[in-house]
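Naming follows writing order (A, B and C), and every chain is counted from residue 1.
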Amino acid sequence: MAAHIQARLDELGIALPVVQPPVATYVPFVRTDNLVIVSGQLPMAGGKLAVAGKLGETVSLEDGQAAARQCFLNVLAHLNTACDGDLDRVVRVVRLGGFVACAPTFSQHPAVVNGASDLAVAIFGDAGRHARAAVGVASLPLDAAVELEAIFEVR
Amino acid sequence: MAAHIQARLDELGIALPVVQPPVATYVPFVRTDNLVIVSGQLPMAGGKLAVAGKLGETVSLEDGQAAARQCFLNVLAHLNTACDGDLDRVVRVVRLGGFVACAPTFSQHPAVVNGASDLAVAIFGDAGRHARAAVGVASLPLDAAVELEAIFEVR
Amino acid sequence: MAAHIQARLDELGIALPVVQPPVATYVPFVRTDNLVIVSGQLPMAGGKLAVAGKLGETVSLEDGQAAARQCFLNVLAHLNTACDGDLDRVVRVVRLGGFVACAPTFSQHPAVVNGASDLAVAIFGDAGRHARAAVGVASLPLDAAVELEAIFEVR
């Protein structure tokens, strides 16, 4: 079996981010049975926070979507490590949890988190369709605009 | 084995909501092994948001509880699809996650989410007793007052 | 096999809190297959809330960390019950979910939740290293400063 998902990433012009070492006593992912649970990821790019601030205040919908997309790329980088570099071992994306830092008046959380969900489907196809919760929170670590956690089934 | 849970629903006078098709690239539920993970549900009824606004501001405790109850009904409708229409395949409710849109001064989140928890136990009995987290959030999609996600064990 | 984890708790001078009975229709934990899901715990100590208020307002970073630590102790007390009093049956800490009640300007959520994460590793060693999400929320039950939920793999 060829490396389908890697080929799909190449097709989409996506290079996985370099995995960052954990900065605390937690780890980027845990595998239990056939599930990989990935820790909450921020929109870090090149070692820096790419999108800071809050939706409904200083962060536009487009920037929020880009933040969610970047979070998913960071999730994917850790998943890749969990799968020993073979993303074809991913059976499916099970669940994405999207936390959107926002003003109390903001209501477009689904559109923001679609930045991650759409990429999941673009990469994994039907296996990328997942359960999801998207909520608005008071604030996030480092003043990030979005945080994304994920569960995958792997073989 | 008779259809116990359907009979219980009838006894309680509960008709499951009509399942709404997904509006984004996520799906209403995912099954992995013996777990069904249901996406965050809003208090939609008849295609419209039944309870908008925030607890501790414009939404009363009673309306918040009704919203949580409605969320659980929507969860149940998707679970029913996941079980091919046979809710007797539900082994137990594993976890409910309740997000309550509220003012920073609000502190009665458990009472709100009980609107869902009490219904779970009314329908499933001891198998309806679940682990739970209930938190207050800055805002929710469409300005909903409550969002509820759920995990079930099924056979 | 000796009771390693109990010995480790003794070494650390940690006595597990007395388990509180559930106050609603949910339960403190659910076991499904090899996973134990523990309900969201507040920083209760001796039957009272130990740390109330919000980070970035009236609660200091140190008090927030102490709150997260206390939450983990309460998680542990329920896990102990789930394991019939034998914590050596814990295979690993899978995931901690930390909710920090805070001002919209607060950004040190990871440092707060480390109060729980550091204790997990102190007690369980490498098996204590876990996936994690830490977010800031508008408010929590009883005006608690922190709420912590957890998933463990057990044998």
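Heads up, the rule we're going with is that contacts are C-beta pairs under 8 Å (C-beta built on N, C-alpha and C of every residue); 3 or more make two chains touch, one makes a residue touch a chain.
Nothing here was measured: the structure is a model prediction, and the numbers come from that model.
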Common contacts of subunit A and subunit B? C
Specify, for the interface formed by the sequence copies subunit B and subunit C, whether it is same or different in terms of residue numbers shared by both sides, with half as the dividing line. different
Subunit A and subunit C share one sequence, so how far apart are they rotationally when you fit their Cα atoms? Give it in degrees, rounded to a multiple of 5. 120
In angstrom, rounded to a whole number, how far apart do the mean CA points of subunit B and subunit C lie? 25
In subunit C, what residues contact two or more other chains? 33, 101, 104, 137-138
Would you tell me which residues of subunit B are touching subunit C in their complex? 33-35, 56, 92, 94-96, 101-110, 114, 117-118, 120-121, 128-138, 151, 153
Per the contact definition, I'd like the list of subunit A residues that touch subunit C in the complex. 23-30, 32-33, 37-40, 54, 97, 99, 101, 104, 137-143, 147, 149
